[in-house]
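Have a look at this one.
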Amino acid sequence: MFDSLHPLITMISLAIFGVALLGVLVKKNLFKIFLAFSVAESALFLFFIGNHYTPGLKAPIAADGITRFDPAFMVDPLPQAMILTTIVIGIAVSALGLSMVIRYYKLTGHMRIDKMDELGEEQ
Amino acid sequence: MSLLLFILLPLLAIFLMPFYRAYLHYVSTVLSMALFGLALTCKAALPLVERVAVDLPLAITFELSSVSWLLVTLFTLSMSLFSLYHLRFSSNKALFVGTNMLLVGVIGLVLSRDIFNIYIFFEISSISAYLLTSLNQDAKAYGGAIRYMIIGAFASLFFLLSIMLIYLTIGVLDLQMIAQRFNLIDEQVQYLILLSLFIALGIKTELFGLNFWVPDVYQASRSAVSGLFSAMLSKSYLFLLFHLAYLLHVSTSQMAFLTLVAALTFAVAEFSALKSRETKRIFAFSTLGQIGLIALALSYGDTALTEAALFLIIVHALAKLMLFLALDLLERRLGSTKSEIFARFESLFLMAVFTVGALSLLGIPPFAGFAAKLSLLKGLAGLEAYGAMALILTVSLIEAAYLFRLLSGFRQGEQKMVVTLSPLERLIFGVMMFALLLLGLMPQPLLALCQEAAQAMLGGYHAAL
Amino acid sequence: MVLIDCFLMLLLAYGFGFLYYGLYRNLSARVHGRFGPSLAQSFFDSVKLFVKEQSTTFGWMFYAGPIIMATGAVLNVLFIPFINHGDSLQGLSSSANLIVVLYLMVLGPLGNALGVGSNGNPFGVMGITRGLTRLIALELPFYLAVIGVMIDAGSADFSAIFEAQSQEMNLLKHPLLFMAAFISFLGFMGKSPFDVVGAPQEVYSGPATEFSGKFFALLLSQSAMFSFAKLLLMVNLFLGGADDLGDLVLKTFVLFVAATFIGSVYARFSTIQSVEFLMRIPTLLGIVGLALL
Amino acid sequence: MLHFEATLLGHLFFGLSLLVIVALLRKNDGLWHLLLLGSLGIIFYASSLVTLFIGWEMMGWSGYFILSKTARVSTLQRYILFNLGGAFALLGAIALLFSFMGSMMLCDIDLTLLPVWALHSVSALVLIAVFVKSGIIGAHDWVVDSYQEASPLFSAVLSAILSKAGIYLFIVLLLKQPHDERVLFELMAWLGAITSVVATFKAISQDEIKRLLAYSSIAQLGYIITALSLMQAYALEAALYHTVIHTLVKLLLFVNVAAIMAITGKERFSELGGLLYRVPLLFVLLVIGIIALAGMPLLGGFNGKFLLYTALLEEKRALLLATVMFSSASAFLYCYKLVYGIYLGQRPHDESPLHVSPKSYYIPQLLSAALLILLGFLPALPTPLFSAIGVEAGFSALEFTKPSILNSPFGSFNGAVLMSAFGVVFVLILGLLQRVHSKAKAAQNAQDISYCGEVPKAGVNLHFGYGMGHELGRIGFIAFILRRQSRRFWDYLNLIVGDLSILLRSLYALGTQHILLLSLLGFTLLLLGGL
Amino acid sequence: MNLKRTLRVETLLVALLVSVTTLVLMQILLNLHLAGHSLGDEILHINAASTQSANAVTSVVTYFRGLDTLGEVSILFLSIFGVALHMPRGSKNLFSYHNTLLYIGVSILFPLMLLFGVYVILHGHLSPGGGFQGGVIIAGAFLLRFLTYGDHYELKERVVSLSESLSGAGFIVLGLLGLLVGDRIFTQILPLGTLGELLSGGVIELIYIFVGLKVSAEISLLAEHFVKAHNV
């Protein structure tokens, strides 16, 4: 049906992305929203890495014997490095966000996004 | 000499923080002033291009063109003033880390010419902004920070999407190379990339439709920090958005769309400020308005207008920083930022500061804002964009209404609290006021720099039209 | 020479003024079916008042008011030429023109108003206010007519106005303008139906309320001269001026009689009525007259 | 940025400003007033549009800060918004001119090069600035309140000088330039005339002295505007003459009123009266002022009006002239109200003792009174200057014989003769009256009147100052004029804009998820639209 | 289950929008023409010559795009700093129960995990792994200790912050040394060695050691803050 798995990966990752977006947009719990962002990011990683992988190539690591670095059948290492970096960033953002949510919860007693009304004109 | 010093030095200072915990405010001041000096010395060698580690196409390129030099100088100057202002207060770790990281982020944004590297700085500046927003550690601050964070995360999703698409379809990350091959790819994908970039950067640039969160964030932050956001953060994204737009040669209709969005940003924000009673929100709306104005100027892709826009960026950054720092002073003394506080203090000097700032924002001579507005109007006149001229002049009147409403607060109120300023504060505000006046009276030197920068920023864009 | 000329003009104006005033009182009495006083009654009145031993004064402004009023009347006489050609009976008219004269006509009343105001009587001031209010309405049609005359003559100088009427007087050339001006003129002369200011018979009020003795005498005298000056102005503007003294007497007399008869048969308008009337019919006449120009 | 050039016109206007501001300089506001003077200098000597605009704005905000010491917030807002509105219109005109001329220098402007629509727009925008500054009806909303609430001396500056900046602007930008804009000038002529009529009636119905003076300023500027709109040498002379006279008159009147307010502490006609014999010199000065204001002969005030009328006659603008003359005649009423309400009639019963000596107020008044009398005597004294200015502006030279004779195409008059005749006759009659064998008995006081045969009791106040002019309200068309208020329109506009602001502001109160939703919606729609 | 109650109209509308967005994206992305030749291919070609690292991903992360990694480390630092700021370390541990089995297990596992973490860090240029992975493994070891030891166990703040600070500074100094020794920042300033040996790859290993140290300190700190966030 498909030449490669790329369309399938695209479809699946976009589906996940959509679900995550839905979570971001309709969930009222701040915790769930941050989780949904993580899921959306992961969906993008999946899309990127998945689309970048060409069937038949191997990891860009000289594994056997390690005497020679042969780039002929290796996949592009750059996306992997990028994703590594991005994952760490994602973790950092989630950690910071969750710590804020926890603190917010302790201060106000709720963590519903539709009840956040501290700011604005009238106080 | 290396451009990366602008990034590595603050980072080093942050990492080595445990060694001088009690002296962070001094370190921050010395550092930002040193960077400012460094920036000034770079002027002679422009344009500087530096590739990290290896050569093209692999390397991350940093470029200090006339325009990024202008912005870097502005950012380091703003940071110096900010740090000088905070010298009086005790050493604050969070403030130190947050502001210096923000500096790293915004400098990186304007220097880097590698899309993924830009993403890193995008995140650095965003996360430090979240951190700075939550600095007060009360429900308001967290409310604002969380709101900011959710929106920022949304923006970064789209930025990530566009980077991924660029790499998948073009296979390079260097902006120059992307620009060269951008036309070769599928038009639909081109459009999707541009649109994702627009959403991501538009949120950060605070353009209309994507900027509804801004007043809340400014309100949640400390006033001084809001000043930094206004002076550095939004400006760097503004640069980035239009740098990319010029570089990728967006079509005329897409630029016209940007013009429309910018005009809406300007008009809606200024209108919204009219009845506000919260000074921080008013200043936030005013910032949005000015950003709209700058974006409007940039969206024509014309040398004269770009020159005006760059000038406006500098002038607005100075004026807004001054206003926000003065507001911070008041907030610390009076414990509020509602517009009523203007009736509750007694200080001729602060009144002068607010007046000069407001007049400059409004573009009233002899202050610098006027020179900016004048060159803007001249540029628009040169393009025969009379509608935009009319819009600017009309909406300026609305701006005048709320700014003068604030100023008229000075003469109300009975029990006034005498606010005295330390000599250092007087010096800082005095220098800023003087700068605004000087730039208003003698804008030519800076305008000449801006013109040079405008040519550098536009690159070949104009020729393509 | 000029001084003698001026003196003669003043003398003429004074004599004719009182003569016409006496005639007016007689004629209107006849119209009303009365006999009326003798012709010289007004003159005798003024002389009697002049020599009255005592009069009340409210201070120097009160004193100066009638003097300014009289000065205004005298100046009017001096600046309006009696004869439409030659050098005699021209007074100072070569140094001024129609516009100056129009404005000089207000100077006297202003001085009077100041004098009236300086006493505490509210009725005097009420009269002044009425007068000023009526003036607003009176002047509009009159100005329309005068503007027409001046545009027609191409100058504001009396000589040019005479020149323009040498063939055909303005009365015939611009009858509508004349009618507008004439209705205003009735008001200027204090004739019915526009005589609410003085309201001499019925209401104990008006500008002259507090003036007694020599002040009132001065007012009477100036009023006589001023009336003559107004007649003169109308003659000059619309009847082509006087060719000689006889012509002068004839023309002023005709105009005077016409004004008196009309004035005698109309009932008095209130201030508002007169303003509204003047704002409508004569103004309209004037505008139409101007349009026909 | 700043370019200057000395012109006769500049000298004239700056000379007037210098006169007024130096005459009014007081210690407490000195710095601001000097700033104001400086900004006026920038305007009047500017040789580039930018310089002109810089001065214009500086004038606006330095006035704001002087005003802010006494005025209410709403008045301040009104002042600054109207003035900035005018200034921004001017800026628009400047930018528009720049887009066609490519230069900001005044000497490079050539309106004949503009296409028709641009000429219309430039003229309209400049006129907006001029109208706002001069307080032409519709744009006059800020004038009255500002004059009323400014400190008395600053009211004098506002009225005598700041309102003239608009006149200067018009002369420099539109009058000096050859062009064939006619429609707007026709409109302007009528606007000026209607302004003078409406403002005159409004002035009559005021109870506060300064409001009356404010409306009278508006009316006088209406004449000047009408004169300017004729674009003709004698009309320019009329406008300039009237400008000079109005400056002197308003300086005199406002300082006079300031003195009254300082010594009595009151500012309404209904609270004042009968001051004539307490401050006779002030009374005389005021009388000189109102004679000049009403434009009666003898004093300088007549000269400007005379020139205006003859200019209108020359242009055969009969109806316009009638309107102007009508308003001028109506002005007698408020002139009289001014002097009567303050100085004449009976004194109010709750009169407080005079606590301040008015001496320090005399000098500016005496100065301007002397100048007014001088101009009455020698009406053509400034004609050579005006003629030269006219020549600078490209008009033909004016006819000038000798200083005492003021020439116009429609006749001339000799001020010296007029004045001497008045003097001689006055003295003669005075002598006559003195010679008459009859004593004048002094009345006890102003209450000593024959009031239908009774002497009114002490508690009955018969002062007529307050009600004077009210009966005009019963006259149909005047009542119509008095009922019209542009304030309502501006208030309505303010309301609308405020509501719009609150509506738009609610966008910024959207919930976080709604913002995201909007962004996503925008993304999707743009994506669908672009494909 | 009452569908009507749990699925609100708003949710449905949003779902509709999101599905439209997803479908449109899918329509574009399914027809994506991938770039035939990308940057990575060139990296693979010059990897051997310029780094002598067996793991190309590692050379990208630490060498070719070392600056990104520095930024990433900074972001991590920033975020951990923020977490520490918002949730100051309390004295009470969330997991304050005593479990002997866990206690003994952790006592055995802890040194092993540390060792494994160090191994992963040091072999980053030879095999999958590196500073981040090793650092997280080490942090995992500390997490186990938090789970086990309850309130009594806490990290020595001084040590943690010093290692964090010095390793970060070390990374930057290494970059700056490139400017002094070499011709540009983040360049190779050490001998490359031979492919496949432990001491090869030039600065790569050094950088990964710094990164590993930093990450392990930071993630451990992160764990501690979350574990002891009880009584904020």
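The first chain written gets the first letter, and so on, giving A, B, C, D and E; residue counts start at 1 in each chain.
To be clear about the criterion, contacts are C-beta pairs under 8 Å (C-beta built on N, C-alpha and C of every residue); 3 or more make two chains touch, one makes a residue touch a chain.
Here the structure is a predicted model, which is why all the values come from computation and not from measurement.
Q: Considering only chains other than chain D, in their present positions, which groups are joined through touching?
A: So the groups, chain D excluded, read A, B, E | C.
Q: According to the touch definition, list the chains common to the neighbour sets of chain A and chain B.
A: Correct list: D, E.
Q: Tell me the chain pair with the top count of C-beta pairs in contact.
A: Result: the chain pair C-D has the most contacts.
Q: Between chain B and chain E, what is the gap in Å from one C-alpha centre to the other?
A: 31
Q: Measuring from the mean C-alpha position of chain B to the mean C-alpha position of chain C, what distance in angstrom results?
A: Their C-alpha centroids are separated by 78 Å.
Q: Between chain A and chain C, what distance separates the C-alpha centroids? Give it in angstrom.
A: 101
Q: Where in chain D do residues touch at least two different other chains?
A: Chain D, residues with two or more chain partners: 505, 512, 516-517, 520, 523, 527, 531.
Q: What positions in chain A touch 2 or more of the other chains?
A: Residue numbers touching two or more other chains: 21, 24-26, 47, 51-52, 78-79, 82, 85, 89, 92-93, 96, 100, 103, 113, 116, 120-121.
Q: What positions in chain E touch 2 or more of the other chains?
A: Chain E, residues with two or more chain partners: 14, 18, 21, 25, 28-29, 32, 34, 38-40, 43, 65, 68, 72, 75, 78-79, 82, 86.
Q: Go ahead and list every pair of chains that touch.
A: A-B, A-D, A-E, B-D, B-E, C-D, D-E
Q: State the interface residues of chain B toward chain E in the complex, per the touch definition above.
A: Checking each residue of chain B against chain E gives 2, 4, 8, 11-12, 14-19, 50-54, 57-60, 93-94, 97, 101, 104, 108, 116-117, 120-121, 123-124, 127-128, 130-131, 134, 137, 142, 165, 167-173, 185-186, 188-189, 192.
Q: Residue numbers of chain E touching chain A in their complex, please.
A: Within the complex, chain E contacts chain A at residues 10-11, 14-15, 18-19, 21-22, 25-26, 29-30, 32, 34, 38-41, 43-45, 47-48, 54-57, 59-61, 65, 68-69, 72, 75-76, 78-80, 82-83, 86-87, 126-128, 132, 195-196, 222, 225-226, 229, 232.
Q: In their shared complex, at which residues does chain D touch chain A?
A: Its residues touching chain A are 505, 509, 511-513, 516-517, 520.
Q: Hey, which residues of chain B end up touching chain A in the complex?
A: Interface residues on the chain B side: 116, 119-120, 123, 127, 130-131, 134, 137-140, 142-147, 149-150, 153-154, 156-157, 160-161, 163-164, 167-168, 173, 215-216, 219-220, 276-278, 281.
Q: Under the touch definition given earlier, write down the residues of chain E that touch chain D in their complex.
A: Going through chain E, the ones touching chain D are 14, 17-18, 20-21, 24-25, 28.
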